[in-house]
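Chain nomenclature is as follows: A, B, C and D, assigned in order of appearance, with residue numbering initiated at 1 for each chain independently.
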Amino acid sequence: MAIRTIVWGENIHEQTNDVVRSIYPDGMHAVIAKALNEHPDIEATTATLQEEEHGLPQGRLDQADVLVWWGHKDHGAVSDALVERIAARVWEGMGLVVLHSGHFSKIFKRLMGTPCALKWREAGERERVWVVNPRHPIAAGLPEHFVLENEEMYGEAFSVPEPLETVFISWFAGGEVFRSGMTWRRGAGNIFYFRPGHETYPTYHDATVQAVLRNGVTWAYNPQARYDAIHDAPNVPVESALEPISERGPRLHQAGEAGYR
Amino acid sequence: MAIRTIVWGENIHEQTNDVVRSIYPDGMHAVIAKALNEHPDIEATTATLQEEEHGLPQGRLDQADVLVWWGHKDHGAVSDALVERIAARVWEGMGLVVLHSGHFSKIFKRLMGTPCALKWREAGERERVWVVNPRHPIAAGLPEHFVLENEEMYGEAFSVPEPLETVFISWFAGGEVFRSGMTWRRGAGNIFYFRPGHETYPTYHDATVQAVLRNGVTWAYNPQARYDAIHDAPNVPVESALEPISERGPRLHQAGEAGYR
Amino acid sequence: MAIRTIVWGENIHEQTNDVVRSIYPDGMHAVIAKALNEHPDIEATTATLQEEEHGLPQGRLDQADVLVWWGHKDHGAVSDALVERIAARVWEGMGLVVLHSGHFSKIFKRLMGTPCALKWREAGERERVWVVNPRHPIAAGLPEHFVLENEEMYGEAFSVPEPLETVFISWFAGGEVFRSGMTWRRGAGNIFYFRPGHETYPTYHDATVQAVLRNGVTWAYNPQARYDAIHDAPNVPVESALEPISERGPRLHQAGEAGYR
Amino acid sequence: MAIRTIVWGENIHEQTNDVVRSIYPDGMHAVIAKALNEHPDIEATTATLQEEEHGLPQGRLDQADVLVWWGHKDHGAVSDALVERIAARVWEGMGLVVLHSGHFSKIFKRLMGTPCALKWREAGERERVWVVNPRHPIAAGLPEHFVLENEEMYGEAFSVPEPLETVFISWFAGGEVFRSGMTWRRGAGNIFYFRPGHETYPTYHDATVQAVLRNGVTWAYNPQARYDAIHDAPNVPVESALEPISERGPRLHQAGEAGYR
């Protein structure tokens, strides 16, 4: 088994900001992919905004088991067509791990159906991430809590749908809290949002954060066959009903006609 | 208290199909609104696809507490701008009741983030709706189950997110089942999907169905003040942090700058 | 409508500890009941451990719409028979609001099916309670967050089942977080756990806390008829099946026999 | 990896009823264990009510990864002490798969906190089990639905807490529906309830049912280290607080004292 994982990086601040470049000279995506590849079952590659089709042509997405998403500066630059393509793949069973400022990415908002807004402060303050769901697969091997000495603050209320499970909650030195790890399922696809990862701090070099990334990918991975049927709304004709029934009353549709969409 | 409710009807088949017109000569929306108005706290009016701005200009939506949606033949005719306007109102606290073929409406898919597809058969078969969550507000006053002698079949798998609560599950004579009543919350808005209501049958004239519609509206109603803050992603400056902190490390944003979207 | 509410107080520390007595000379239950009675729809009375049947004989429970529970020092003194009686009433539709150290009460553990354990520290530290589900009925009228300057710390992981909804999350000065407001439904009964309320601090005199208590009671109230059927596991004989079926194959039970329990 | 699984069988009707004995001459537990052992990662053994400590002494439970439970005739014969022992192991991370009439077992009711009641009819009628959560691990490899030609009917309302996820819903020939596959998490333990399996029918010889059993066990298995800390409610002294705080205000507990339970 190899969990074919694509780490998508917006790759803007690494090119334009000296601080970010100094921390992630090859891009954040490169550090994340390297951390993922330390897991024997994960086979991670990268894609960036600047590549053709943002590095995610249909053929490549079709082969992907899990997509990891980091974006911040220019969410709007991602084409709507790609967003729909990714959403379809998630429904078919591709896992999705959304990181930090990706809360405002088109794909996350598309799958949540909510604004996904939050409070924020860029002050390099202390974040303490608490595991509230011990022994959840995403918390495997973690201590009760871990500290990121310098992080951007994200504060509640975070406008996402009630999750399937809450895994992490963060405490911030400035007085806020945040549900930093949550899971959802959309179609056959598992979705994990993980808060930490502001680009001006070395968060993705942190060993515990890297462990969460690996756990997130292995959790999000759905080993079953692609669920193509999710796109169908099949008519079941009377004559092939599972129990014998007769047609009764008037109808709108002619036999064999497709439903309205 | 008056729960200001708008019943939106697509109003196509009532104009073009003799069977539907004979059952709903003034439109399905009229029958639904009349049933809702039998509740002392509900004040229901109607809107249709054919009206200017589909009958839902911003000013009217701003005054609405609950929106009831029935559409089928031409979901695509609803403008994307209106869909965004409705979604914003739901996040702000407007309740939404989606009926039957509205599962494929743009607004329902927008808020669910999934395809919302299902199986279907138009054979006038028997549907038995079971209450699986007795004493849920939406099931108030209902028997353990009720029968609709002629209905269109909708069958699982229904590709919606795991609901907050499942209220009804339907049994169909032809052998299928369907989660016919489910609830979600998106932002401050309560959403209820209710399955029955194919236009060629007199479903909305049924007394039990009408009771469910009234329950659905009173349940979806959020009496609290409009939640405008859901659209904001406020920066909390260091100097106004709730706990005293000092800025540390580098930052991307200048003081007072808005976040990226 | 009057929401008949019983505030149950353990009433031990108020009798044995000078500090607690000075804050709550008539008992914590008296202060809580008084705060509840400020709501026009709530009719609150009190009961204590020391009364006969702990103040909760069957006849009184039968008339109760909502029970509020505060206990700490001697959870074990509550009789198991009473715990079962309360659980039955919750399943039938009586609301239950469990406060602070009531997390370890027999009735809460009985209904959760988990240990309900947590971390704690009694240092009078600052607690900041954040609303993570704005416009939830339990958060009605509240600001984005509120502060209790002196409270006992409760820290995660709090071993309760994943809630229906998380309403509040607390930040503590000492570095912990806690899901301070959560809801569940058990049978027809709504359950709300609310964290604050250590007896050596004047928490229940706080106006915002009192607002939460009132919101909690009105939210937990189920106005529908008592759901007695929850105790039944009825046999549905073949001859009265909803659809015509014939008995096939062998069976264990004789006609009219009750099922095994 | 071997998922050490114990299949617990009540083993009464196999001894006392000719029909049941003819279908399961070595006991239902033997057939279930054999089906599980066809999975390369599962190592299943059996235990029965009649054995000492019902075959589940502490030492054996300590070594178990998953427990599968089938009981019906004499739930009351299982000792309360064993029920608590099993509950503790589930909270620590042991998976639990509860089958059919096990809905009324002490251990299931203990972990759910509800009556777990339902309607029933023993008429050998047709059950059609629908997958409502395609590509859920428990539905791996299954068709959209499968049929058990002769089964006992279980009908809603099934009084269990709202599940984490609903996987299966059954259609019955006599007109009822039932949520036949649901999941919950209690502490670190995954719980799966699966409806089919009346002892007078050859249900556990069915290949699809056997696939569900294997999926259920592999899904319920939590490979992480035993979560012993779930039994603790640790005090965190002021002097070892994660953030520097000073003790303020009065307190009840002396330093080092345990909390009340």
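The rule is simple: contacts are C-beta pairs under 8 Å (C-beta built on N, C-alpha and C of every residue); 3 or more make two chains touch, one makes a residue touch a chain.
Since the structure is predicted, the reported quantities are computational estimates derived from the model, not experimental observations.
Chain A and chain D touch with mostly matching residues; of the residue numbers seen at this interface, over half occur in both copies.
Comparing the centres of all chains, each the average of its CA atoms, the largest separation from chain A belongs to C. Centre-to-centre separation between chain B and chain D, using Cα means, comes to 36 Å. For this pair, chain A with chain D, the centres built from the Cα atoms lie 31 Å apart. Here the CA centre of chain A is 27 Å from the CA centre of chain B.
In chain B, the residues that reach two or more other chains under the touch definition are 128, 134, 155, 162, 164-165, 173, 175-176, 185, 230, 242-243. If each chain is drawn as a node and touching chains are joined, the picture has every node linked to every other.
The part of chain C that touches chain D in the complex is made up of residues 13, 17, 19-20, 72-76, 87, 91, 101, 104, 110-115, 117-125, 150, 153, 155, 159, 161-162, 164, 173-176, 184-187, 199-201, 230-238, 241-243, 245-253, 259-261. Of all residues in chain A, only 93, 128, 134-135, 137, 140-141, 145, 164-165, 173, 185, 188, 222, 224-225, 227, 229-230, 242-243 touch chain D in the complex they form.
Across the complex, chain C is touched by residues 128, 130-134, 144, 155-158, 162, 164-166, 169-172, 175-177, 179 of chain A.
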